[in-house]
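The structure is given below, and queries will be raised subsequently.
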Amino acid sequence: MRHDVAAEGAVDSAPLLDIAGLRIALTAEQGGTELLRGVDLAVNAGEIVGIVGESGSGKTMLAMSILQLLAKEIHITAGRIKFSGEDLVKVGSARLREVRGRDVGVVFQDPMSALNPLHSVGKQVAEPLKLHGMAKRKERMSRAVVTLKRVGIPQSEERVRNRPFEFSGGMRQRALIAEALSCDPKLLIADEPTTGLDVTIQVQILNLLERMRRENDMAIILISHDLTMVAGICDRIVVMYAGRVVEEGATADVLLRPKHPYTQALARSMPTLDTAPGEMLPALPGTPPPMTELGPGCSFAKRCSYAEEVCWRSEPELAEVGIRQSSACWVAQRDGGLGGGAA
Amino acid sequence: MSARSPLDMTIGGDSSHAMSTGTLSARRGYVHTVGRTFAGLRHQPSALISLIVLCVWAIVIVFAPLLAPDGPLTQSIAGRLSPPSSSHWFGTDALGRDVLSRVMFGGRVSVPAALVVVLLSVFVGCTVGLLTGYLGGWLDDVLMRITDVFMAFPLILLAMAISASLGPSIRNGVIALAFVSWPQYARVTRSVTLDLRSREFVLASQVAGQRRSTILGRVIFPNVFPTVFVMASVDVGRAIVNFSVLSFIGLGARPPVAEWGSMVADGAQVMSQWWVSTFPGFAIFSLVLAFNFAGDWLRDLLDPYSRTRDAA
Amino acid sequence: MTTSVAADAKILLKVAGLTKHFGPRARFGRTRPVVHAADDVTFEIQRGQALGLVGESGSGKSTIARCVLQVESSDTGSVELGGVDIAGLSRRRLRLKRREMQAIFQDPASSLNPRWTIGRIIAEPLKAHGWSKDRSEARVRELAEQVGLTPAQLRRMPYQLSGGQQQRAGIARALALSPNLIVADEPLSALDVSIQAQVLNLLIKLKSEMNLTFLFISHDLRVTRHLCENIAVCYLGNIVEIGPADELLTNPRHPYTAALISAMPMTMSDVGRKSGQIVLAGDPPSPLDPPSGCRFRTRCFRAQPKCALSAPPLDPSGADHRAACFFPLEAGFLRSTAVADLDVNDAATDPKVAADPTGNRTTDEVG
């Protein structure tokens, strides 16, 4: 069982989202490979949690599974996903439809393709309202105008009738966020919301998300491959590798004092103003393993500079190492940390 | 990372791992894929049947002199317009000629004519398309307006007009049809070329210092070819019909040459003797369908992206 | 960047006054809108050094790269490679000159011909310049070893390799003719984070071993600084600041550079610190209709009426570190209290945007 993450001060007794032991696999006809291998995650109200991982780590699968949005060939084999006390794995489709859009909003990666080019932006932003009971069109449209204004789109009264192609990339992304927010959900899942956008626009979007959290006390799950970018607004970071959580903790702790070799190596391999220019970076060798080729030991052992005998024999579970920080590493658990520290 | 299916995203994050640890060389890999595709035919009955039909016709056409019971021109006025029987499987026509033999020999006119039409129009169309797509400029504007003009006409009428003015014969029929068919290939080739021209691997070839002709011939054309090939294979069926239409109205093959279109025309005058038109008509029908289905199957086979999916 | 005669021999690439506008031709009565992709771009790169060209979408950095590679022809300006102006060369001479200058592209999947084997892809430049089959094969094997590809991988097709391996193949191809200059267009952006470091290391190794000169295009300042001695910042077709990497990143003079720097945490201890971020107003203006005067003024937190009237030139003083701004930032600006939460939304820092006859975007409300 994962350790309890309680924010300082006021504490919600039960987390808003409580995922425990989640396992996801392909169907038998597709090979039955496991894609998520026992994930625990808890998100409290008003918290911003960053899920970081490279391609194949399972971070997007995790996000999709919360609202049961997985592809047909993928299904949940074990675990629970409790949202406000209700297990979404067990709940019926009618209730799921209620939750989707109203209690949990999602922003997907590609603003170009997530918006229907034929409908006005306002109509799409207001769509969740329509699905969740707001019948009158005029009412929905005026709510849409308000929401667009909240996300910082200027001249929203006119813009609400624009088509997506009339919006720039950054504005489209903001429109998508507006759509996700229209019913004032308690949880927002944002999957790579800034990938592909200009750096200065990324800053705007991240600031926007933080402002939304402040104003609405909304929890946000922010998924990204860019460790440093999202760290700016996240309270906590969860690092995923090969379908499991390998480290989690408060942002500063995870980045500056990582307790899993993967996180440490990743942080060290990034050039910063402190690294000597022109020097070889301590790059992480090799590539992430295919999910079909995982052995009995730790999935990271092949690339790990700390690997010991035990690491090849069995896979470590996520356990607390230090204050409010967990790591799935035998060495870290035994020594209370990693020798060497962060770069 | 480029968008991929949910499966691709998850299986090791990068589907290539499975292949890169194997020992398949590229050439063997290609043969392996082709072999697998032929094996997959079992699951695609329409493609399988069409390929069989095409093979049967190929044999019939090549070996007609050996297989046909009679010559195509052998008349027997006494036995004219007799229905299908054991001695004449497809019956006889108004001049007592064995319809079966004429259908078999007719294939030796219709099919090669259609093939030549397609080859000619592909050759001319692709060349024009490659040049206009790659070079652009005024050449592009001028040639595209010309193709616009062509495509504004109902092509078969234009072919008839050309054929009539040249004088009806098989050769002129072929020329007329090729003349009206090249614009579609030019269009398709040009649009594929335009798309490819902006792709990075073409840019890479330019940077490497390749000559333009080499880029067109070795980089762009091989990528154009599958699309064109599929178009052409379906087009053979259409060309057979078109040529038959020309012959039907007397502008292609002239009597007494056995050709399916003119045979249908002959039979139209003796409608109660249904076998005279029906069998050549059926020959056309079967070939057109076979080419269509085979073309579909080819397209699925040659699409490079479906090959990538297989590897995942 | 000295200008003495002796030093000129050390300058491998010299670009002066490069301008490229797309679409001013009218044909058959249509007029097309003009895209100001690059305007009066000037810079030099010394042999064995790397210049980072940094900017966002619409900055013109890709256009500049293409003009340097001569796959686009520039409207005006010169591109001198090893002292020879390649912009005016005949097609035949240009082909030969290409042996000295090669490129690495952003998306390895699309820059490798999907129908060719890796070996053939790497050998392409050699074949284009008439190398014999045997010599080619030997060279390809040599290159594969240098970039870390196995001989078996040479027989594979691109789709059978991972992104990092594909990019290595692209690098091998670029090195085939032993060029002096490599133009690298965002070579790391499409790669996973852990692979980026591997490929970056490879570039560093090759740069020092082969004394390569790089024109390195990127949007990531940290990666750029790691490889490049000098950095040029582009905005909407202009170079707005240019100078030695470390100097530029610690004491940026142009407000846009400062905004870019503040958008990416530059050190690990910066990460997670939320204050000190400069949030620019609105979206980058379209290169179809750039603002009058200084093109950055519509998003600038220091804009004054003067900025709308004329475009500030890149400081011609000949110093190493130059910026195109009438009101450049002071040294130490990034660390000063003036930048704490410089949010354009704040009333205290509201820029005075001059009345704008071209009707460009004004300050937006932004989070």
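Labels A, B and C are assigned to the chains in the order they are written; within every chain, residues are numbered from 1.
Keep this in mind: a residue touches a chain if its C-beta (ideal position, glycine included) is under 8 Å from a C-beta of that chain, and two chains touch if they have at least 3 such contacts.
Since the model is a prediction, treat every value here as computed from it, not as a measurement.
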Problem - B-C against A-C, pair bridged by the larger set of C-beta contacts - result: A-C
Practice task
Compute the centre of every chain as the mean of its C-alpha atoms, then state which one is farthest from the centre of subunit C.
Solution key: B
Exercise for the section: Would you mind pulling out the distance in Å between where the CA atoms of subunit A average out and where those of subunit B do? Expected result: 52
Completion exercise
Per the C-alpha means, the centres of subunit B and subunit C lie apart by a whole-Å value of 48
Exercise for the section: Find the geometric centre of each of subunit A and subunit C from their Cα atoms only, then give the gap between the two centres in Å, rounded to an integer. Expected result: 31
Problem - Overlap residues in subunit B, where contacts from two or more other chains coincide - result: 1, 13-14, 17
Handout entry: For subunit A, residues that touch 2 or more chains besides their own
Key = 54-55, 287-288
Completion exercise
Going by residue number, subunit C touches two or more other chains at 162, 192
Fill in the blank from the handout: Within the complex, subunit B is touched by subunit C residues 27-28, 69, 71, 95-96, 98-99, 101-103, 105-107, 109-115, 117, 124-125, 128-129, 152-153, 155-157, 159-163, 165, 170, 173, 176-177, 190, 192
Exercise for the section: Within their complex, state which residues of subunit B touch subunit C. Expected result: 1-2, 13-14, 16-17, 19-20, 23, 25-27, 29, 141, 199-201, 203-211, 214, 219, 222-223, 304, 307-308, 311
Completion exercise
Listed in rising order, subunit A residues that touch subunit C in their complex are 54-55, 149, 151-152, 154, 168-171, 198-205, 207-212, 225-229, 231-233, 251-252, 255-256, 265-267, 269-275, 277-285, 287-288, 342-343
Practice task
Using the touch rule from the top, collect the residues of subunit C that touch subunit A in their complex.
Solution key: 56-57, 162, 164, 192-198, 200-201, 204-205, 208, 219, 222-223, 225-227, 229, 245-246, 249-250, 259-260, 262-269, 271-274, 277-280, 282-284, 343, 364-367
